[in-house]
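Each of the next two complexes has chain A plus one more chain, namely chain B in the first and chain C in the second.
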Partner chain A sequence: MTYRLTLCAALLAAPLVAPLAAPAQAGVPEALSAHILPGFAGFAQATETLAGAAQADCTAASLREPWMHAFDRWNAVADIHIGPSETGALPVAFWPDSRGFTPKTLTRLITGEEEVGRDPVAYADVSIAARGLYPLEFMLYDPDFWDYEPGSYACTLVQTMTRDLARQAAALDAGWEEQFADVLRTAGQEGNATYMGEDEAVRALYTQILTGLEFTADTRLGRPLGTFERPRPTRAEAWRSGRSLRNVLQDSKGAYDMAAALADWDLPQSKAALDRLYELAERVEEPSFQAVDDPSERLHVEILQQQVRALSDALELEIGLRLGIQPGFNSGDGD
Partner chain B sequence: MKFLTTSALALTIAAPALADTDKAAVIETYADIAQAGYEDSLSTAKALQDAVAALVAAPSEDTLVAAREAWLAARNPYQQTEVFRFGNPIVDDWEGKVNAWPLDEGLIDYVDDSYGGATDENPFAASNVIANPTLELAGQEVDASLITPELIADTLNEADGIETNVARGYHAIEFLLWGQDLNGTEPGAGDRPYTDYVVGADCTGGNCDRRAAYLTSATQLLVSDLEEMAANWAEGGAAREEVSANADAGIVAMLTGMGSLSYGEQAGERMRLGLMLNDPEEEHDCFSDNTHNSHFYDGKGIQNVYLGSYTRVDGSTVEGPSLSDLVAETSPELDEEMKGKLDATMAALGAIKTAAEEEGFAYDQMLEAGNEKGEALIMGGVDGLIDQTRTIERIVTALSLEDMEFEGSDSLDNPNAVFQ
Partner chain C sequence: MTTRRTFLASLLAASAAPATGWAAVGDPTYLAAAKQGDGSFVLVGLREGGEEAFRVPLPARGHAACAHPTRAEAVGFARRPGTYALVIDCISGEVLHELSAPQGHSFNGHGAFSADGTVLFTSEQVAEGSAGRVGIWDVEAGYTRVSDFPTHGLGPHELRLMPDGQSLVIANGGIQTDAFDRTKLNTDTMQPNLSYVGFDGTLLEKVELEPELHENSIRHLALRPDGLVGFCMQWQGEEGAATPLLGLHRRGEAPVLCEAPLGDELVMQGYAGSVAFAGEGREIAITSPRGGRMHRFSETGAFLGAVSRTDVCGLATHEGGYMASDGLGGLILVKGETPTPLRRADVAWDNHLVRIAG
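Coming up: the complex of A and B.
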């Protein structure tokens, strides 16, 4: 459980919103119908398109656009880690890969022309290091990988990987739509062993929102920033495809959108914080954070990081304080 | 719709008011268990130090096996202290010195060709200090002609700010005692020969004197690190003082440690991630194949904290007023739920331990791609840990500890005021 003691002080200084004077309403059903379920449906559709495109033409040049689109769709729901996503998010998006498992596993598959790379169903048993969006990024953008020929093993592998991704996305979509949405909606009802009360369902979603923003600030932005003396640009997320900044913005927007759907009241400070984040992003010159060793560029990225935290603080104020809830434990609590 | 504050307050009102003294006694038990756990870790580490001295003085199959057994014995009490980590900054800041993992072991000693060399993230992944009296780390030439505790602590560990440059702690020592496990997901652990420590013509692996110096220095560091932490939990120690300073904050620290270890760390980082990567090096004690114990005693430590009871390495018991007692006063059902879930997790982790010890089905074999039996065993543990985390969250709510986060602990004295 992440207890933000410094923030607590900030909350105390803020004008007090009486938590119980007017019972607050929060809409788990609305968060599902307006954000989560369309998010997974959109991702499933985009990955189906990507798999179809790979079937027609496996070359990197023709797949970059549908891959980009699939990643955009993923970001709406990327930071949700409950229900089907508890175990299902990681094989779609295994990152960070601090020990280089992804290139290692891809190289092994390709040099050995392993049979599993031709079988989209069996591919589900392959290490997550070679499944999902990030290894596809290697195949489509990394100079060591992307220049494969039609008809080559690598070409077939890309077709297999995109098909596997579409299958994963369809399973996530179905898992949410057909099962877990009801678990959240029926929180507190008899027979629901997961959530004993509506409050627990609200807190579960609220935890996803804050955890996602924390991950964006600490990891998506924190990793490439490194330290002033030792910035680490190649630790940025999805830098090969140049979408590091885009991910930061889309993931932050995903968190805000889910929060806005969850709250049936206005979130003016949070909205302003998100708008400001987009403004500040315009100052960043290198969208893959590869210029963070330049002091002025570094400053722009640091300011972005502060703004993501400001968005998180605003949401704590406008949702957490109002409801009197703290986020629960999250999957990022380890090290 | 009703929300958390209302239900939490309702629970508080329904329950008898809890005096702070009760909580103080619960925290005292917690600190006593921590102290005993670190003292046991220290005494077993000293036994390891003796066994390492015997190995280095007279390398043989027997002295090597004795040192490995001492390492294994030292792990069990230590793993039961991991639950103290996340709620206590003093422990969390220190923990990397003794139990950092995973490591790029090629920094320390020779590795197999299949290991590869430097990686994108770590240019020093194969620097091999034992073979290189001088080496370059992050643009600086390092004089490693003498391998000392200071060299390991100040220069090698986390060299260039890279976390996988783990040069000290249990896993560095484990690597020096077992060597790489080159069996993949097949049976078998690391198989370093004792001759790696024989000085002179029979030395294998090269630089046996430097290897012995490294092992001796790393073990010495482990002992001094554990001395530091045992002192932190003794009467008047900094960690004990900190957790005892405010009763509600102390209880939050206890629950935070239980929940963070259960969910993010053990279920997530250590168990599920390794399973999904199918990588045999993604097991916590990957050189010795001791991971089944490592996970079991992590889980045991969580249960110890809740039940307020720890069985020491000498068989005696440290116990006292517990979190379980405190929760039972507020909600006997919730206490039963928590105890039941902790039992379920221990049964699942016990099944992994049994499979490893009695069926010879080691943890790295369970990680093999497509191994359904292994996956079911590991996911049984993961599911139990995730499920118990939900109940830990319920306890935070039931004890009205969330309110404290917003308003400071003294607001709990008069919850009725909120309604006025």
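Coming up: the complex of A and C.
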């Protein structure tokens, strides 16, 4: 362990003590430079490629691969919900859509050939249910949508949606790079009302890691599992494109990678838990979780869910406990 | 015969005995309960600039306190459902009185003094069935229990003295809880309301929201001197419903719901913990510790913007804006859209920041 981190660990072991005047920089700059900023830059680049491809050929068959690639890049930073991502993540990834707003809004746009669907700038005002990665999944993979012709309204709509997505990704990238990264880096310095101590910035990133894994376990896996009597396979995330399992793995890896950058000590138990998650994933036969009504397949997905929780527990032990980070005093309360 | 009405009138007319006022404890503007680094609990008085005026011990985690309008006395309520409340001398830290809820009642975390400080009103519920009661305590007689009257709803939470000094506004949360384990029993049929009640228990006006918002539990209140009431809510229905969490109401009019854009509303996670008007009363804000956010609205209900801050919950009126407190010890001044950190204290601030009258 470096001197810098020794100092920081000592500081964080007593989280309620007022911060030092010249705070140590425990891992926050590393998490930004090694994980978060490249993550958003990569996503911006991938969505630009997708938008360019849609301009050249809007058909579903030619866009599935660049869309897949954009989604892969998104997953590195998908579960971050602070700074520009606090409200900016949702219009990229509006899920779960329990009331089916996405297909409804798409149908309305296409049936009415609404003008907004031809204008990538005005499209920013469309309901978030029709923006971002998931409505594009409908357009590219759902049998009710994907069979559109070049030159059709739906074709133009896909071009508009990919351009809007690229604009969103560029705004997120710029917001992080040019603005919020500094808010995190200057935690504890005078005038920073978001993070009044360096430990608060560490805590904020750590919280993103744990809540992301909780979402993966409870929602990405818990939703399709439903109950034993009533599994809900079509509630899986991104099942139409067959990426449900891939998302679980990539999102978990994103959480681990950010943790590894944040802590510059080793995380052996967490690493082992992530490796085990990938091993267990090989037992799942249907990567879109559409076979969870089969008891043995269900078991495989349940085991995966337990393993995501095991990864979360390991990170809590290897980072949270070490830094003395406790759950929110008021957020965990109520009344 | 002495009726409850005449008895209360005589209480209110009696002049408060001269006692030591808030100046003796450093002229605090706010009261806040907090947890110290060693795990113990305290009640802290804060000045307008966030400086600490006093700190006295609390035996356990509190929910909200209410401040006597003139004497340096605070009533600290236990967390819900509590069976006791403590009257604390903020000068010595001594517990002056321990208030016990009547058999079969529990305190629901909030209370309010009459304008002259002679009567204390407490928010209570009957354990069996959760019917709301307002407890009446004679302050001058050493906080003795006088009587109680209905809140006109189930599971009341905050209650406040109206600016007319003659009535209360009560947030009836609508939730019926199990008498023993606090399990929510009626979220399917719950019907919260905002009730205005006279000191004799007469219902003056009751406000209910439209049926699809019946799972929006009305819990906390803010008042403007002209009688405009802000009420904030906690959604008990399906996650992600993004319902409005703040309403404005004026006696005799329809309530106005304050909605944030969908993306912002979702970040609040259906939960508002505190509500306060800004200094001049031209805007109002709510906090969500779960979302780590404060949302500002105009006095007519238009969304003005958000301030992000981890675990923010306490919120009170500050000259020209708001003072916000959080579980990380932060005290932040918000004027317009600009948050200014005042300081980070060595304690975790609990749910509410209470402004001392006057």
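What to note about this one:
Operating definition for what follows: the second predicted complex is superposed on the first by the 300 of 335 C-alpha atoms of A that agree within 3 Å, B and C clash if a C-alpha of one lies under 4 Å from a C-alpha of the other, contacts with A are read in each partner's own complex, and residues count from 1 in each chain.
In this text, a contact is a pair of C-beta atoms (placed from the backbone, for glycine too) under 8 Å apart; a residue touches a chain by one contact, two chains touch by 3 or more.
No experiment lies behind these values; they were computed from the predicted model shown.
In the superposition on chain A, no contact is made by A:D144 with either chain B or chain C. In the superposed model, A:G191 makes contact with chain C only, not with chain B. With both structures placed on the common chain, the touch criterion links A:F329 to chain B and to chain C. Contacts of A:E86 after superposition on the shared chain: both chain B and chain C are touched. With both structures placed on the common chain, the touch criterion links A:T227 to chain B but leaves chain C unconnected. Using the contact criterion defined above for the overlaid structures, shared-chain residue A:V126 touches chain B, although it does not reach chain C.
Using the contact criterion defined above for the overlaid structures, shared-chain residue A:R235 touches chain B, although it does not reach chain C.
In the superposition on chain A, A:E279 makes contact with neither chain B nor chain C. For chain A, the partner touching the most residues, choosing from chain B and chain C, is B.
Residues 19, 86-87, 90-91, 98, 127-128, 194, 196-197, 200, 203, 328-331, 333-335 of chain A lie at the contact with chain B in one complex and at the contact with chain C in the other.
Taken together, the chain C residues at the contact with chain A in this complex read 35-37, 63, 79-80, 109, 157, 219, 234, 238, 240, 262-264, 266-267, 271, 273, 289-290, 292-293, 307-313, 326-330, 332, 339-341, 344-351. Within the complex formed with chain B, the residues of chain A that make contact are 1, 3, 8, 11-12, 19-20, 23-26, 86-87, 90-91, 94, 98-101, 103-104, 125-129, 194, 196-200, 202-203, 226-227, 230, 234-235, 321, 323-326, 328-335. Only residues 14-19, 81-82, 86-87, 90-91, 96, 98, 127-128, 191-194, 196-197, 200, 203-204, 207, 328-331, 333-335 of chain A touch chain C when the two sit together in their complex.
Of all residues in chain B, those touching chain A in their complex are 1-9, 86, 102, 104, 116, 119-121, 160-161, 163-164, 252, 255-256, 259-260, 262-266, 268-270, 272-273, 276-279, 369-370, 386, 389-390, 392-394, 396-397, 402-403, 405-408, 418-419.
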